[in-house]
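A short write-up of the structure that comes next.
A, B, C, D, E and F label the chains in the order they appear, each numbered from 1.
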Amino acid sequence: MTLSEIFTKAIMNTILGMGVVFSVLIFISFIISLFKYLPGLLEGRKTKKHPAAADDSASIRPADATDRKVSEDTSEGDPVMVAVITAAVHALMREETVTTDAYVVRSIRRI
Amino acid sequence: MTLSEIFTKAIMNTILGMGVVFSVLIFISFIISLFKYLPGLLEGRKTKKHPAAADDSASIRPADATDRKVSEDTSEGDPVMVAVITAAVHALMREETVTTDAYVVRSIRRI
Amino acid sequence: MTLSEIFTKAIMNTILGMGVVFSVLIFISFIISLFKYLPGLLEGRKTKKHPAAADDSASIRPADATDRKVSEDTSEGDPVMVAVITAAVHALMREETVTTDAYVVRSIRRI
Amino acid sequence: MSYISETLGNLLQQTAFLNLSVGNLAMIAVACGFLYLAIAKGYEPLLLVPIAFGMLLVNIYPPIMDEGGLLHYFYLLDEWAILPSLIFMGVGALTDFGPLIANPKSFLLGAAAQFGIYAAYIGAMLLGFDDKAAAAISIIGGADGPTSIFLASKLGQVALMGPIAVAAYSYMALVPIIQPPIMKALTTKEERMIKMDQLRHVSKVERICFPIVVTIVVCSILPSTAPLVGMLMLGNLFRESGVVRQLTETASNALMYIVVILLGTSVGATTSAEAFLNWSTIKIVVLGLVAFSFGTASGVIFGKIMCKLSGGKVNPLIGSAGVSAVPMAARVSQKVGAEADPTNFLLMHAMGPNVAGVIGTAVAAGTFMAIFGVR
Amino acid sequence: MSYISETLGNLLQQTAFLNLSVGNLAMIAVACGFLYLAIAKGYEPLLLVPIAFGMLLVNIYPPIMDEGGLLHYFYLLDEWAILPSLIFMGVGALTDFGPLIANPKSFLLGAAAQFGIYAAYIGAMLLGFDDKAAAAISIIGGADGPTSIFLASKLGQVALMGPIAVAAYSYMALVPIIQPPIMKALTTKEERMIKMDQLRHVSKVERICFPIVVTIVVCSILPSTAPLVGMLMLGNLFRESGVVRQLTETASNALMYIVVILLGTSVGATTSAEAFLNWSTIKIVVLGLVAFSFGTASGVIFGKIMCKLSGGKVNPLIGSAGVSAVPMAARVSQKVGAEADPTNFLLMHAMGPNVAGVIGTAVAAGTFMAIFGVR
Amino acid sequence: MSYISETLGNLLQQTAFLNLSVGNLAMIAVACGFLYLAIAKGYEPLLLVPIAFGMLLVNIYPPIMDEGGLLHYFYLLDEWAILPSLIFMGVGALTDFGPLIANPKSFLLGAAAQFGIYAAYIGAMLLGFDDKAAAAISIIGGADGPTSIFLASKLGQVALMGPIAVAAYSYMALVPIIQPPIMKALTTKEERMIKMDQLRHVSKVERICFPIVVTIVVCSILPSTAPLVGMLMLGNLFRESGVVRQLTETASNALMYIVVILLGTSVGATTSAEAFLNWSTIKIVVLGLVAFSFGTASGVIFGKIMCKLSGGKVNPLIGSAGVSAVPMAARVSQKVGAEADPTNFLLMHAMGPNVAGVIGTAVAAGTFMAIFGVR
């Protein structure tokens, strides 16, 4: 193949590739954009069946991953005790390097 | 094979199978039922040799798995400190779903 | 082979083996003995470039592994809090069997 | 431009849209259904989530289970009996055989509940399955997933492994729904209210000897169960010896969950549409229900016999726990007992038959292997 | 004594000193250099330490990668696509797709940044690489190590795997150095100061449906990506389902780091002197820089377009995060944004394109496989 | 009914009772004995429990080690040197080479203690073992289990692997019993009371350079040790670099204990009655004792020489730690020293020869491989 043929082929595959990438991602993007109706949909259904049990899917989920994990693990714990332990664990783990990462007490587990 | 032949064979294998299952499990059951003499046997032996060291095999082992684990891990720890930490960890971990399960602080380890 | 031939061969291989073992280990020993100049060398370099940042390689590293680990993990934590937690963890973990081993809180982790 | 349109045509030829059968689409729906049950309903999620995802992947991209496919490599580890054995090691490391040692009569209940296996076996024979297939299917009634996969692999029933595994884990999840009506139908309220004597204390030396003795006895009589029973008991020996905590921890945690992921996805991937969507699967589903029901019933009935013989000291409800499905079936015994009398605490007593059922099912599987000459 | 001197001679013949080429010595120095960068500079140490050590070992003792050598066994697991897929499962279990679900338009930025791949592809073709080699090299621009290794293996580019993997992980470590100047050159200070609306709350059910839907859509269109995308999404489903925490923990911790060790050392061991010290490696290094730069630029430019179309609601800086290198590139967006306005918090908005870039690269890799007829 | 009696007859034919030899029964008893020592006496339980259980299983059900058997699959990983290398990675991640860096003269003591290997080698040759078998046996004196298994596998001594591994781990457990009398017999009380100067502080950069330098030096001179020494030093580099804590943690925990389980059970399973119950095993047991005793003695004697040359600054007791068996032998030095003077703290000084002994044994193993032309 001459250089120009190679170049043409490369360009063709680039158009093809970027085309597929954009098509697939736009398609997923469209489907995901419908997700926002999902909780309402489910809640509507649930309300009909069990009016009192609808708070599950709409439960508030803090954006901060640290809080989320800890709150999941301690949903029923005494909040004061939890606060103390959480603070202690944070003190024990604090590092300056990467502050945006989540801290997770992985090891306290139920078997 | 006719259906009746198949049925006969199935019944035969069933008798055989249940027979073996019961025989084997009854045999193990018999052996295990002798286990209750084991600690006494060992203690007797030990008493002869080291009269003071016989408490090992007769050590009280709480039925509750949580207590057992924790007590194993902390056999020499200050009981007050242990109680505080245990309570804290429990508070941190409490979940309503399955209450009969054991809680184990797996991650505090010695290497 | 006669026994004496076998013995001769065994002795030869022994001389060879011990010779190689000693040679290699003395050679490494010599190289490692030069290591003690390494921090000074690096510090010298660093001092020229960043006079203030030279404490890195010369940081005090306690011999005791427990302290070392904990101090690494908590380099920025409140020392009082760290002390409390460390004491608590030690209380929880104390075992008599092997006292020279290091205790490490492995499970408190950042992801 | 013709290059682009031509290549796009080729791409289109490769998409799932033009290659998948209606069966594949149905199986994708089934996989989503299982994911729903596992996640929303909490039915055995540890195994059903990976199984359902394997099901999903193989029906979108069947080559993932062909020679050289990712899940095929995992599957080889099932076929070689490595993964079921390692799961059993983890189960052993998590299981407390104390209640069984304290009350060895529980073994009888663990044996009786295996009748569910043979009820399903007779049924499978009558429904036209051949001998080995019937045996592989019937072991669902043992309610031990790894044993089912182990036996299906040893008996060469690869084609049935998907439906068997899915049925086994599904019914295990349904134990709290299947068992209570049968248990209540077969017992009187007086029987359900029986309180059992507290179990005696079990010493450490007994706990340590137990796995060794069971290994020697069971593997001597039925050697082909050695990988399964041996690993189960090795895990338990790790646990009870108290001197190898790192091994106990690893066997029951990192290693076991790694194995669960590999086993779950690869077993799920045996359910390609051709292997799953046929009459056999429907028969297996029916037979699985037969197996669980008969196992529960025979356990309870044997419990009633023991109740009579012991002069009312045994609560028949603990018999149903003999199907294993550890510890779910024992909890069901506890729950049904507590319904009759809220102060009745049967859990520990039901744990005996419950763990005995694991050994019982292994013995039943070993007997099948011995009958069919598998080593 | 002649025995000793003779044997010593034989020993000497076997030492590295008489067997290693100058190239091997150079590679040992390169390995030490990478160790320095990984340890002293903190550049992607989790992968560069094992990679550099594999590089060291193979250049001292080349048979370690021959049939029967330790690292060859590990390498087979790369070649069979097992290790990259399992790493992706761990990545999925660690990744929060919430910001992408909250703002699905991020997918467009994740797509735009893939142009870096094609820029490198064109360059590689012009530099004389054949089609498949060019594709394997260009995927470096996707900034996803496992995808690079997966594609190189699927396209049979074993000889290039070492340089590709080393270049990919090296440039990923250099993201904070490569990207900022490009980002600043292409944006005005006003654009960089744009504050974006807070992301909406994403419910649990959306998070759970996401991995299932993405698996079905992507794997249906490009089935050969199923091992990679499927495992990524399985890991994420473990995470978001909330019912299999042990699997999430295992997939993202013990299993992932075991895989990292095996993959790192074996990929490093593909860089024997003959495979690494040649013009191809230099070209790959150049092409990798091209790929990262064009990817960053096209992400930012597309961000500017979205900024215009949205009436200034989108900060173009989040576009550069589309190259993935999760979560480094998103942090760079955050940092450059905060330089323009310290109160500007772009991290969460940049996480959307960031994780979309992972899917985008997998799609690009799948398209290459489809074009070349790899299944 | 004839079907049942016939099948029962077949079942009986398959039971262990009719298939096992007296040798198998003896080995089952030996396995129980090892379990007793491991659990009740705490002798190296981490390895002796799995080894003894593998011994138990293979002697009840020999096919578990045949082609296709569970433990045979695990065993392949030993044979391919994967498991010993990975254990060494974990050992490296747990080992603090600081005391050796602080006092590099310790290397001499680590070299001197290897004489035990050669004493056993001469003995083995005289007892009629061939060259390679003698070498594989003698390495027991190195007191490093993985090195023993590695060398036995590389020298093709599969038949001896069981006895070698069992002897190696048994004697390692007996170090606190074997060493003290030898140490006391060879030293005066004055020597044992010598207090050594505190070790200098070792900086982080030295700790990081150590594994890299040792890898380059040892693997250049004896390339065939690269899998073993390389992995040991990679584990240590993980540890000391401080930037890959997850890898350190995984290598020394989940991965290492998974490997211990697989290696232990499969090595134990090489001790079928035919392989174990013969004169070779008895000879190996004797030679193992010779090896440990001579190693201890030569270490102490070299310690005395160093004591003299240094003008009394070196306590000869740290010489015995050169046999490795980390960290047991170092503790024995500490204990014997403290008996002479309770304020004498030798542990840290003994750790130097102790970890040097690991490298010394690897060098000895590499020399044997080089002599026999194994690559």
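The working rule: a residue touches a chain if its C-beta (ideal position, glycine included) is under 8 Å from a C-beta of that chain, and two chains touch if they have at least 3 such contacts.
Note that the structure is predicted; figures quoted are calculated from it, not measured.
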Checklist entry - What chains touch chain E and also chain F? => result C, D
Next on the checklist: Taking each chain's centre as the mean of its CA atoms, which one is most distant from chain A?
Outcome noted: F
Item to check | Distance-maximising chain from chain C - centres being C-alpha averages | outcome: D
Checklist outcome for this item: Chain-centre distance (mean CA atoms) for chain A and chain C, in whole Å, is 40
Item to check | For chain B paired with chain D, centre-to-centre distance based on mean C-alpha positions, whole Å | outcome: 21
Checklist outcome for this item: Within chain D, the set of residues that touch 2 or more other chains is 7, 11, 221-222, 242, 249, 253-254, 367, 371
Next on the checklist: Multi-chain contacts only, two chains or more: what residues does chain B have there?
Outcome noted: 9, 16, 20, 105-108, 111
Next on the checklist: Applying the document's contact rule, which stretches of chain F touch chain D when the two form their complex?
Outcome noted: 7, 10-11, 14-17, 19-20, 28, 32, 35, 38-39, 42, 45-46, 49-50, 53, 56-57, 60-61, 63-64, 68-70, 73, 253-254, 257-258, 260-261, 265
Checklist entry - Across the complex, what residues on chain F touch chain E? => result 80-82, 85, 89, 208, 212, 215-216, 219-224, 226-227, 230-231, 234, 237-238, 241-244, 246-247, 249-251, 253-255, 367, 370-371, 373, 375
Checklist outcome for this item: chain E contacts chain A in the complex at 96, 98, 100-101, 104-108, 110-111, 114-115, 117-118, 121-122, 125-126, 131, 134, 199-206, 209-210, 213-214, 217-218, 221-222, 242, 249, 253, 327, 331, 334, 347-348, 356, 359-360, 363-364, 367-368, 371
Checklist outcome for this item: So, in the complex, the side of chain B touching chain F is made of residues 9, 12, 15-16, 20, 111
Checklist entry - In the complex formed with chain D, which residues of chain B make contact? => result 3, 6-7, 9-11, 13-14, 16-18, 20-22, 24-33, 35-36, 38-39, 42, 56-61, 63, 65, 72, 100, 106
